[in-house]
Structure formats: C-alpha cells, structure tokens
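Report on the structure given below.
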Amino acid sequence: MANLESSNLEFSATEIMTVAASRLLQDGTVCFVGIGLPSTAANLARLTHAPDVVLIYESGPIGAKPTVLPLSIGDGDLSLTADTVVSTPEIFRYWLQGGRIDVGFLGAAQIDRFANINTTVIGPYDNPKVRLPGAGGAPEIAAQAKEVFIVLKQNKKAFVEKLPFITSAGFLDGGDAREKAGITGGGPTAVITDLGILTPDPVTRELTLTSIHPGVTVEQVREATGWDVKISPDLKVTEIPDADALAALRDLQARTAKAHGQSTSSEG
Amino acid sequence: MANLESSNLEFSATEIMTVAASRLLQDGTVCFVGIGLPSTAANLARLTHAPDVVLIYESGPIGAKPTVLPLSIGDGDLSLTADTVVSTPEIFRYWLQGGRIDVGFLGAAQIDRFANINTTVIGPYDNPKVRLPGAGGAPEIAAQAKEVFIVLKQNKKAFVEKLPFITSAGFLDGGDAREKAGITGGGPTAVITDLGILTPDPVTRELTLTSIHPGVTVEQVREATGWDVKISPDLKVTEIPDADALAALRDLQARTAKAHGQSTSSEG
Amino acid sequence: MALITPLREAVSSLVQDGDTVALEGFTHLIPHAAGHEIIRQGKKDLTLVRMTPDLIYDQIIGMGCARKLIFSWGGNPGVGSLHRFRDAVEQGWPHKLDIEEHSHAGMANAYVAGASNLPFALLRGYTGSDLPKVNPNIRFVECPFTGEKLAAIPSVRPDVTVIHAQKADRRGNVLLWGILGVQKEAVLAAKRSIITVEEIVDDLEAPTNSCVLPSWAVSAVCHVPGGAYPSYAQGYSERDNKFYKDWDPIARTRDVFQAWMKRHVLDTVDFADFKRVLNDGVNDGAKRETV
Amino acid sequence: MALITPLREAVSSLVQDGDTVALEGFTHLIPHAAGHEIIRQGKKDLTLVRMTPDLIYDQIIGMGCARKLIFSWGGNPGVGSLHRFRDAVEQGWPHKLDIEEHSHAGMANAYVAGASNLPFALLRGYTGSDLPKVNPNIRFVECPFTGEKLAAIPSVRPDVTVIHAQKADRRGNVLLWGILGVQKEAVLAAKRSIITVEEIVDDLEAPTNSCVLPSWAVSAVCHVPGGAYPSYAQGYSERDNKFYKDWDPIARTRDVFQAWMKRHVLDTVDFADFKRVLNDGVNDGAKRETV
C-alpha cells in the first residue's frame, strides 16, 4: 500500500541513494560515521526505522543524536547530544581497534572493483595531479569495523579500473586476499550509489550490481563504471523511498540548511 | 633562635625521620607519593614549608591536598581535594613514564648498600619464607622519577648485605650500572631513616651516612645496618624538628587518627 | 545492551568455572558484593586478575576458588599482609596458587592493551628489577626507529570483568566518578562484564567528558546499593577502615577464617543478608562488651 | 608553572624558526589566533603537525612558514579542498612542502606515545593501504608473544604544542570540555606549550574527572577570548560555517590569498584587530550590496 501511494512521489538520485543507504543500517547497530553522505544516511536511519542506532564520530562523541546534520566531524551538536564524549585517541584505540564497531560508514573519492578506496591522490603520489584530503580515519575503519558500507556517486572518474593509490583496503586483489593480509574486519558489504547497490561476490569479492534504482538502466550503470561491471542474474529494483523516509530526509536537510546557512551534501 | 627554643622539644625517632624526610621536599616539586611514611612526610611538607608541592597518587589524583592522611592509596579525600583525577593507566603513562615527576617518594621492606629495594619476597621466590605485597608502582617510580627519596626504619632485617629479590632498582651494582642498564631517572638521592640520612657516594653510589639524628651514635647506625656502612667524614647532625613542623605533624596525625579511628603509621 | 538483572543471575550466567576473572576497583568502588556471590556459587579454577588484590581476593583465594593470580600488589592497605593470600603462596593452602607478578605500570598498560585489542602492552618498565627473571611474560622488544629496548607484556583480556559503579540508567548506561583506577579499561578488555551499581536512575546526568560505559558495551547491570562495602562509593558511602583492621585477625587463622566465611557468606543469601549478619555480630559484640 | 602572558610574547619566546609545532583542535577549539601570530611574526622552516590541517594550516603553509607537514586529513571540512595546501604539494608554491602522511589512528596513537615518552606507537593499522609504501616512518613489528604483525610509527614529540581551551584559573591551570580531540596528548607530548583561553577565572570549577592541564605542565597561558574563530569554543561561541565557505574563493588564487592575508593578518596587530578588520570588510560588503 505504502508503495503504491509513494510511487507517486518524486525524488532525486541523491535522495534514493541516501534512503537506500539508510535502510541498510539496522536498529541497535553501532556505527562509525564518516562526515557527509554517510552521516546523512546514518542520521536518517536514526530518525526513522533505527532509533537505537549508536552513532560514533571520530572526534569523540559516542551515541550522538544531532538535531541537524553536522557540517564537520566535530560540531558542537554532536557533543551536546552524545551519551559521552571521549578523546580522539580513545575512539580509535578502545572503540574502533577494540572491535566494538558493527558498521563503518564511509564515503570515497574513488573505488575499484574490489571496493578498495582512494582518498589520497590522483596521479603519482610524489607528483600528484590532484591532491585529495588523505586517509583520515578510513584505513582503520575499513579494516576493523565488522562490516563497511560505502556511499558515493557513480561515474567513470570515481569507479575506476585501477586506483592510483589504495588508501583503505576493500578486498585488495579479491578472493581471500584481505584475510591473507591479516585484516580482521569483514570488509565492505555494500556500495550504495545514485544508480544502484553493488555487493561483493561471495567468492571472488568483485563488486556486483545487485540492485538498481527505479528508472535507471543497466546500460547507464555500465557507462558510469570504469570496468566491465558484473550484473547479478537476480538483479532487483531498489525499493523507492517511502513517504515517511523522504519527509524525514527533507526535514532534516531543511533544518540543517537553516542552521548552517547552506547545503550539507559536500563531503570533508 | 628557633633551634634554641625547639631544643627543649621532645620528639620520637619516627617524628624526626618524618620531619627530616619532609624537609627534603622543596616547594613546587612534583612528587609521586607512596602510601604510609612517604605520604605523611609529603603532606607535612605541603602543610609547612612547601605549600605548592604537587602530590600525585597512583590511584589517579593529581595535586591532592588531603585534610587527613590517606589510609589507603585511593581514599576519597584524595579525589575530593585534587586538581584533577585521571585514570590509573594515565598516571603511569602520561605522568610518570612521561617524565613529569620530580621526586618519587617510596617506602621499602628491605634495602641494600646501593639503594636497591625489595618489597617482593624474603627467601626464594618459588618457596618464600615471607611473601611481601609485591612491586606496586615502585619499579617504575624508582626508574623514572628525576630523583627518589626512600624512607624506612633502620635495622638489620631491613638494611641487608644482599637482597633476596630486587623489586625496584637503585644503583644496582653501583658505579654507572644504573645508567648502563638504560634507566633514565636519576635514582635515589636520600634514604631517610629513624637514625639518620644516607646519601649515595657520587662515584661508587654506595649509601653513605651523611647525617645522623641528634642523640644517635655512629655505633648504633653500624649495629642497625647489615653491611659495613660507610660514614661520611663530614657527618652532620640532623637539624631537630622545629616546633612548627612538630606541631603540624602531630596535628595531622591526630586529625587522621580521629578520622580513621587508628594510627596511620603502617605502610601498605 | 546490558541486561538489568539480579547479581545472583549475572554471576551464575556470566562467570564460568575456569574463567579468567578481573574484579577491579582501586580502593574505591571495589565490587565486594560480586566477590561474595562468586564464593557463594562455589566457582572453581578461576584465574584472578587484579592490580591490588586485597580483602576481596583474600576471601576468594582462601575459599579455594582460584588456581592462579595475576597481580602487582597484594596486601591489606594501611593494615598489613593478606594472610589467606600468603598462606596459599607460602603453604599451598587450601591448594597451590600460581602467581604471575607484575608492576602497577605493567598491569595498567596490560589492561589498556586489552581494551585496545592489542596482543601486548609496550612500556618503559621493569628495568633493573628481578621481576623479568621470575615472570616469563615480561619480555623486551626493540624500537624499530631508535633501537631502544622496551618492555612488552601480554594484554589482559579477561573472560569477565566485574566492577562497582555509582549509577546506571534504565537502559543500562553506567556512570562512575572519583578515583577511576583501571575499571573502564578492565571492562573494555573483557569479553563479558558485570557492573553492580549504587542506584538506577531515569537520567544519568553525566558531565560531558565523564567516565560513562554505554549499555551496549556492558553485559549485565545489577542494583546492589552499598555493594562495595567495606570499600566505598564516592557520594554514597565512606570506606569502613575498621573492617579492614578487623579482617587481620579473622584471616590470620584458617579455622577462624572458614567459620567467618560460612557464617557471613556461605550461609547468607545475598549481600544485604551478609550486612545484616555482620551488623548482628557487631551488635552481639557491643552487647557482650556492655554486659 | 604556566606564565600568564600576552600571546605575542608567548609565540615570540616559545616558537623558534625550525621548530616542530603542533596546533591541535578537532573542529572544536582550533587555535586560530595563535596561528595568525605565528604568521605575523614570520616564523620559518616549521615542521607542522596536525591530524586535520584545515584553514589554519592553509594560511600558515600559504604564507611560507612551513617546510614539512605531518598529517592525516587535509581539507576544508564540509567545503572541499585546501587550495594553499594543494598548491604547495602540487606546484611547490610558495616553496616545496615535504609531507609525512598517516591515518587518524596512526596520528592519534603517535600523540599518545609522545605523551607517554615512548619512542614509537604500536597499533593495528595501515594494513592493505599504500601509505606504508610512501611513508618510511610506517613500519611493522612482531608481537613477542603471538607473532602477530603490528604497525609502528614514531611518536610525535613537538617542540611546541598550541591549543585553545575554555578556561584557565589565575595560577594557570587549564580546563577544556566537549570535543577534546588529541589536545591533552598533544600538550603532554611537547617540550613547550601555549594555551589560549576564553577566560581566566578565580576558580576553574572543574568536574572531578574532567580534562584539566595543571599549570606546571604548561608553558604559557594567554587570554584570547574568541581565539578559536572561525572554529568555536563550546559554551562560548558557535562555529562560523560561513567563514569556512568564504575561505574557498579567497584561497583559490595566490594573489587574492596574499592580499587577504596582508590586510587581515600582517597588517593587523592582534586577533581583536583581525576581527575588527574582518567585520569592517563584511560591513563594507553589506553596504555595497545595499547600495
């Protein structure tokens, strides 16, 4: 019923990406949240189907419940609404490395077919074409969270055949390469884009399109991917955002824009 | 003048030991305090000539200003009067190992001529005659404080030719053995007893009686020492406790006895 | 999420024979009620971990629950020896007790390493001490940058850590304050945890950067007011220094100890009952004195 | 004991050309006023350390004060690139900038190791990342108990650490709260330290287990209300998100950047003067718009 009603809704590609990412977060999950799209999706989950999701930010807040989206990783609202605020070393030592994070929720500048991430440089490291911000918390989040969700927009600049630099490990060369390297966390289980959702093949660990957003064609996904992307034989169509989630997302973004005086879709 | 007046005072051997130990603590010094006699002497210093001495206890209080002597290392009064209370790991990591302690103030069960300390066992380790409490914070306090004061009563059971167990390093085998072992802190600079004060020879590092309490004979000191103790050619007589210090000490102990319902001279 | 449950059930379901168990609390907030419950339930073959084994471990060791002790200072603070601990080490009564002995700095770092999911703790420590000669778990590693020699000891990773705290809220979030010792690290280093608390409140009212253990990082929260006795809980109770002194003659002889433990622990149903019997005893004594 | 002194004197006497300097603050409490003073005094050849170099380091790097940067994430949070930082790395303008690049976990642990007087930090980290290929200061050591391979990086031990905090008392004891980042570790890891504060009070009124830096562990305390601007100080000011957005076009071109820095920093006498000029500029703009 809800679907029939909400099928009349209009939504943007970013909105379905955000809502789809949000849906993957189960209630009660302990989530290490990157700023930008991951933070939007995680907070949307908290405000809709997962009120008891625990949001941890690398700046120190544990159990943050921000009323507007943080522009930066250390906004005051995160501290004021948290169950507790610890030091940044403690976040990385006792909570992330300690093995207490269910889901690491990351963005990325570039990704490859094995869900390795680059946020460091485009071009050679010593003579970069574009110097990106760098690793931040991602290498250890990607390695140590029990599973990792990655959210980014899909195009050929971002989805590349070969990364110039692996900042954070996905499945490395695929297969059991990740385990062989001694990485303990489970690794990426979903890459959510504005076109669909890719999940790693259980054996080869190659990203496979398993869900496509309504109105998007497989051809569009191929066009936006820098390698010959695998398509699941059981390809599903992503459930469209329901009216409640969409309203909650728009409400959150309106509150945020009002508080910050700008859009908050940029990452950083 | 003060001396002439106070020479009429009567005081116990423990009192002169405590006051003499207290006098060595200079104002503004950062002092890591062991419980028992060291704590009494350090607090007496704080209440008399060294109001700005900073007392750190291994349980976590930094800048404790207890109104009565703590019976144990974690009494509530330490926490309530401190500038801040941190975790025990932080005390040992950031403050002691961090190199921020001017004076480590220790007690001991046994000591040898190079001011090595035993608080572990009497007899063989695997088949002990007497099982003592063990190391506590002493090995790292003895190694890492810029200098160390040791306060204990002098007798042949305590001042021994050879320790059954070195819990905490003084000057090891003497000379530059301590530096050669890679120990960074300066080591013991004074051993204060109920008979006098012993300080390490600048070259051999052997403890030498450099001050003797009034009324005590050198023969008494020899009798109370398990090795042929060196006597300084410049042997001084310890200044007797002045009336103010003695009054402050007795007042502190009376307040403490009232608060705890017992004497607090026992160590632990 | 922490289960809010009676102490008896928490100990019964979370502490198994053969477990490595840490009861922590540095003078302050020592979980005596939980220690009694471990004794009452006759747990066996425990490896006990604690920086400062004092009365609580004297009782557990004397009652034969432990096969090994990992520690750094064992005494009755401000009073003297732990007679049951010494009897176990010196005479093997009631049976042999293995010991693994460290310094406080070593133990504190080992808890930090455990909480940080590291296999070992790195510290400047033990230099010149004989402890590395008697403890094969004290080793040395080289700095890959400077070549300096540093001490390495295994992380402490208990099966269960037990602590006492001031407050929990109804969701099981826990707040403690004052002298914190190694309790946070001990809980986070352990697979499971039991926290007894003075009170359970609607709102923790925790200051921003205070020591909070979130409900989802704790196994069980048990409401045991006064559960640290004769230790104390800042803001709730005072340390009973007299109990520590009175313990000395009780623990000195095996028979007296066993009779005391039977009357006060084995024959009582819980910590409130223990305190009632203890008070009766004190009142009996008072009566005898005044007769 | 900390000296309570004007910021100009603190920077002049405590920051030397060629020093390793860490200005820390994680979004919250970033010491912008001190950063300006370093630029104003024309400090040279600095090795800058900071987990999240943002506007404050974009300015210092763009003004040519730094020869090296040790960092883990360099961007304008929520906005985009640091154009001066990128220009230095990509084009060597105003001169070459060496970089030593880590992850946040690495940097945070390196500060902890520095505060702990250890030569290196031990962590599970960097596995599968290309960072160890480009940073020879990321090495690996073996656990002497389990044989596991763990990452090792050198401690951060700055010559000077600079932070901003909420309060100091008249003796120079400092209290901060809210998002603490790595500031305590950064101060304790350094040989010298400068702390700018919102206010100086008679009594800190610090909660028992709050983040206090005792006066004797600090070199200088400087009273600079609003000294974190455009960052914020919880309880005192809000982050000026607009300034972060406005920075993007200013930093994008060398000329505009240099003119802005001259007008707002080099030609102002202190941070209050900077704010006055900045406000005049905003008011000018507002006037132009309404004309």
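In this document, chain identifiers A, B, C and D correspond to the written order of the chains, with residue numbering beginning at 1 in each.
We take it that a residue touches a chain if its C-beta (ideal position, glycine included) is under 8 Å from a C-beta of that chain, and two chains touch if they have at least 3 such contacts.
Predicted model only: the values in this text are computed from it and were never measured.
Under the contact definition stated at the top, the chains bordering both chain A and chain C are D.
Looking at A-D and B-D, the interface holding more C-beta pairs in contact is that of A-D. Chain C and chain D have centres, each the mean of its CA atoms, that are 42 Å apart.
Centre-to-centre separation between chain A and chain D, using Cα means, comes to 28 Å.
Taking the mean of the C-alpha atoms as each chain's centre, chain A and chain B sit 58 Å apart. Here the CA centre of chain B is 42 Å from the CA centre of chain D.
Listed for chain A are residues 79-80, 85-86, 93, 97, each touching two or more other chains.
Each of residues 112, 117-118, 123-124, 148, 178, 180, 185, 208-211 in chain C touches at least two other chains.
Chain pairs that touch one another are A-C, A-D, B-C, B-D, C-D. Those residues of chain C whose C-beta lies close enough to touch chain B in the complex are 26-28, 51-52, 71-82, 85-86, 89-90, 101-105, 108-109, 111-112, 123-131, 134, 148-149, 178-182, 184-185, 211, 232, 234, 238-239, 241-242, 244-245. Taken together, the chain B residues at the contact with chain C in this complex read 35-36, 58-61, 71-76, 78-80, 85-89, 91-93, 96-97, 116, 120, 125-126, 128-131, 133-140, 143-144, 165-169, 172, 178, 181-184, 260-262, 264, 266, 268. Those residues of chain B that touch chain D in the shared complex are 28, 30, 54, 62-63, 79-80, 82-86, 93-94, 97-100. Across the interface of their complex, chain D is touched by residues 117-120, 122-124, 137, 139-141, 143-146, 148, 150, 152, 154, 177-178, 180, 207-211 of chain C. Within the complex, the chain D residues that touch chain B are 1, 112, 115-118, 173, 185, 188, 206, 208-212, 214, 216-217.
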